[in-house]
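Pasting the structures here.
Below, chain A partners chain B and then partners chain C, in two separate complexes.
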Partner chain A sequence: MRGWKPAPHVLLLLPAFVVLAAVVVVPLLLSLYSSFTPFRLTRPDTIYTFIGFRNYQRLFADMEFWAAFGRTVLLLTIALNLEMVLGLFLALLVEKATRGQRLLRTIMMFPMMFSPILVGFQFKFMFNDNIGLVNNALQSLGLTDQAIPWLIDGKLAFTSILIAEVWSSTSVFAIFILAGLMAMPKEPLEAAKVDGCTPLQSFRYVTWPFIMPFAFIAMTIRSLDIARAYDIVKIMTDGGPAKRTEILWTLISRTAYSDARMGLANAMAYVAIFLSILFTVMFFRQLAKARQQIGAEW
Partner chain B sequence: MATVSLKNLVKKYGSLEVVHAINLDVADREFVALVGPSGCGKSTTLRMIAGLEAISGGHIHIGDREVNNLPPRQRNISMVFQSYALYPHMTVAENMGFSLKIAGRSQDVIASAVADAAKTLGLEELLDRRPSQLSGGQRQRVAMGRAIVRHPDVFLFDEPLSNLDAKLRMQMRTEIKKLHAKVQSTVIYVTHDQVEAMTLADRIVIMRDGHIEQVGPPEEVFRRPATRFVAGFIGSPTMNLHDAVVGDSKLIFGNGDTLPLPAQFRDRVTAGQKVIFGLRPDDLYPTGHGIHSGEAAEVHAVEVPVSLTEPLGNETLVFAEFAGQDWISRMLNPKTLRSGDKVELSFDLSQSHLFDAQSEKSLRG
Partner chain C sequence: MNENQTNRLKQQALKIGHLVGLFIAMAIICLPGLWIVLSSLRPTVEIMAKPPVWIPQSLSFDAYVAMFSGVGQGGIPVLDYFRNSIIISVTSTVIALAIGMAGGYAFARYQFRGKTAIFLGFMLTRTVPGIALSLPLFFVYAKLGIIDTHFGLIIAYVALNVPFTVWLIDGFFRQVPRDLAEAAQIDGCTRWQAFWQVEFPLARSGIASAGIFAFLISWNEFALASQLTRSTNSKTLPVGLLDYTAEFTIDWRGMCALAVVMIIPALTLTFIVQKHLVSGLTSGAVKG
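For the complex of A and B:
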């Protein structure tokens, strides 16, 4: 190697490149490559068999995969909408508070402070059909006389997961929207009052356009969150009963580790990531539009 | 078109009273300016009239309706805010047409009303822009356009020009005056700038610490200030105001210097009374350089040293020392004076003011 002397800036940047390559680029390429092989963890040499798009073809014909895909999109759609509405409502209430707003904001953030795994365990306990809080409460109040099989019935289990998800993350929306409300100049609202707006019209024509970008940021973050949701579902139902609550990442992890079919799982993962990118692009477009609308300077 | 009347109007924030039972009647189509130093309660008063601030006591009538508890939208008023308060996400046209849209008018009506207002204010070219693409003066115009589009009973302005630079401010002042002549609505205009108030208003309301000090046409508050405060607030440069004690037919200043007691106050003061003597710079001039061509009846001349001059071109402000105090005098057809020069100042005592030192009220009849 004598005589080869790289320029100082190359030399200085080299470690960063090496680390990045080692921890990001190589695994990414490797996993992409493995999605074109029948790689099984139990038979390491299968990674050298190239099978082209066969994993992907198989995937696209696999109803179980599409069911999980659809369920993820469904969960995402319902959860985002619910969280949006609830978060908006919460933010509007908290913003109205003239006293103790700091305390309210802190309390509002509590759900975000728990690990999703713990949220999963907590809701699993609450929705337990025998000893769960929910059934006990319903029965004590005389609203039902028999135990409701929350986590055993497919639809109810999906609803239970949805509730846990919404509980844990509505505050993301609330906080972003609250930030928007607090950053909003007050004069246009007063101008709207003078211009003849009822409170509802003021909200519709002045407040809402202003906080929309903030809502879209929350949506982007949460769509990524839910598209990769795993822990709460894993703990509460593990995709059950009978795969009725299987979502993309529970399916992927099952395929990769229980079935040991890493190649196929990686193919699924790339489709899942594609979904996330799709949502991100969509919400960022909306965000850009909304920002331009209000002439935002950020 | 409508009258506005305030009766014993009070505003309290908690236990702090910031507007103390003020009374004011504004005639139909009148242009009234509320003027006073910042923090005196002008905006609060205006916002109570608009309905943006709840009132703590008293009554507000617009026309023959009592509006105390009506929300702003039921008062048929327009307001122009200091910060313009345009809707950032709407175009200029949408901003101006918004109130009509809310009132449920048809597209055609809105479009023609907006076009009218845009023409009046010279905004035709800008209708498709957003507020962020406008200069300060243009935003100001849009804010006014938004106000005139709906033909309100009353226009309320809260320091509409104070965010503009001096030149633009003068230009817009003229335009507001033209606009008022054209739309013929009742206007209540808040400003801390007495020049703005003097030039625009039919009547001026001078406020101080939540009270009204004096109400009157510009000419009157200038000529006959009711209190020391008004005397000092109205007019530029400010009136010379100095403490004195009434002696035998004379006024004795702190250092013992004297001026003759002006004739009009002779029967109104008693010897030993503490007073404040006031004389506008216009009525104090180097002899031969005054506003009044024929020498007025009651002029008293004193030779004093010049401490400073401010040449303004067609006139020069001369700061001179008399009775141990600084006095400002206005010299027309100026001649060159340097600090330290001696100059003979003419005090036109017929134009002077006297205020009681205790009550600060004018001692004029």
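For the complex of A and C:
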């Protein structure tokens, strides 16, 4: 390379930089700025009024916002943990299968192909209190004679959303953990058996450390996309009934587009972004740790 | 003898338990999808029936026929949405692949300072929730006059997909031994030729699956599309699905049919790539 030419890796990375800067970074800076203004879509010139941290102050004093925040964290924490555990079970079940593994793996991937919006819709359909599959089945089996208001009662609606979320994303974990199980050498397991480990022990001390990095890759991929819950909630309940299932993202979209209060919504958006980054960094760290443990070089 | 028998019994019980568990898990996974397919083929009366009709009496493709014969079925221009979805997804995928190949190659083949930090930075752009990103984009697009155009959505999706395509393609190029390209260069190829004639063909199937992955992300995206599109000019299928929900009534059958139309391309494409997808993501992340 001659001195006046940029290094090849710079040239190669340039397009990615340009696109990400233009579509993500610069707009985000703009939204950071507008979170310090009382910007309303209906009155465009309000974007030039600077009001400091007033939006944030208002936000942090707003109970509704904190309720949505807490609900989002709760939903994600329960969902991610459940997905991890169920994904592990699913992977173990499929790995133990002696026949038809290819078919099972394919079926296992099934929910991944569903767009979150479709997941929301199909569970809205199934949990419909009047004609939904769930209530119909419960009634036909004689387990209950009234219609359970799955999406109308606040607590039940949260549970229904959780079920939809878990259904749609467990397979991500299952697939990666299964990949780990299949890549695992068999000798250590046999050695553990010879040394008299119970199946539980050999799982805990041999299998689990090996598949852990794979589980964290799945976690990382999921954390990059945790906002997909927005699509599901949006279509299933749209934050209702009476804001009982309002999460950060639905609150943001309502504030921005229905109430047209862009400044305030941008302030909320920043809180949501930091939440996502927090989750991602957490899992990246775990991934790095797990990677070191299995001795892979960075 | 007795011990043998109990052991055998125990093993059989385990086997049966395993089969039952497997069956239940698969049933839970498949049921919602199958129910939608079934519902799309049944007449609305049967879907709404109380008490429920479990055994379908009559199946027909009426919902699909109505959907694709122009503006029938409650006035929903599915064909336009379908066309928009295809144009936007395919174009953004092609662009994201080109950018991802350049970036992935740089990560896989060059050593430079701040590599990890740049990689992490790319990933962090992906963590921004679609709805949070839509606020400033909405504003900027309105200023530029590209709201409700294919172009606007395409560049947004390119940015959405670049981090993942870089990650995946990086992983695939890593699996191609470095020596091969070097050997080609010694034999007189330029670096450019070596790339296209040696490294690219070897990583091709992986790159194709990265492309399908990107396509699916664009095909399924909703949060951005729901705010940046307005009319049949650029509305995509996920946004179109909402057209079926009126204030109090929902055309369940039509919605089911549209859902099936949306899922079929996704289904076919995912089956093709399933193997490469996992290996690409893991080799990028585990081996660093």
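The criterion applied here is as follows: the second predicted complex is superposed on the first by the 268 of 298 C-alpha atoms of A that agree within 3 Å, B and C clash if a C-alpha of one lies under 4 Å from a C-alpha of the other, contacts with A are read in each partner's own complex, and residues count from 1 in each chain.
Keep in mind that, in the parts below, contacts are C-beta pairs under 8 Å (C-beta built on N, C-alpha and C of every residue); 3 or more make two chains touch, one makes a residue touch a chain.
These numbers were taken from a predicted model, which means no experiment stands behind them.
On the superposed chain A, the positions of chain B and chain C stay apart, so the two partners fit side by side. Looking at the shared chain after the overlay, A:157 reaches neither chain B nor chain C. In the overlay built on the shared chain, the residue A:134 is in contact with neither chain B nor chain C. By the document's definition of touching, neither partner reaches A:177: not chain B, not chain C.
Looking at the superposed arrangement, the partner reaching more residues of chain A, out of chain B and chain C, is C. Of the two partner chains placed by superposition, only chain B is touched by A:187; chain C is not.
Contact with chain C, but none with chain B, is seen for A:15 once the two complexes are overlaid on the shared chain. Of the two partner chains placed by superposition, A:91 touches none, neither chain B nor chain C.
Nearest C-alpha atoms belonging to chain B and chain C sit 7 Å apart in the superposition, given in whole angstrom.
Note: residues 294, 297 of chain A belong to the chain B contact set and to the chain C contact set alike, using the contact criterion stated above. The part of chain B that touches chain A in the complex is made up of residues 50-52, 71-73, 77-79, 81, 83-89, 98-99, 102-103, 130-133, 146, 150. Taken together, the chain A residues at the contact with chain C in this complex read 7-9, 12-13, 15-16, 19-20, 22-25, 27-28, 30-31, 34, 89-90, 93-94, 96-97, 104-118, 121-123, 125-126, 130-131, 133, 136, 139-140, 167, 171, 175-176, 179-180, 213-214, 217, 220-221, 223-227, 230-231, 234-235, 249, 252-253, 256-257, 262, 265-266, 269-270, 272-273, 276-277, 279-280, 284, 287, 291, 294, 296-298.
Within the complex, the chain A residues that touch chain B are 185, 187-188, 190-198, 201, 205-206, 209-210, 293-295, 297. Against chain A, the residues of chain C that register as touching in their complex are 18, 21-22, 25-26, 28-33, 35-36, 39, 47-48, 50-52, 54, 98-100, 102-103, 105-106, 110, 112, 116, 118, 120, 122-140, 155-156, 158-159, 162-163, 166, 216, 219-223, 226-227, 238, 241-242, 245, 252, 255-256, 259, 262-263, 266-267, 270-271, 274, 278-279, 281-282, 285-288.
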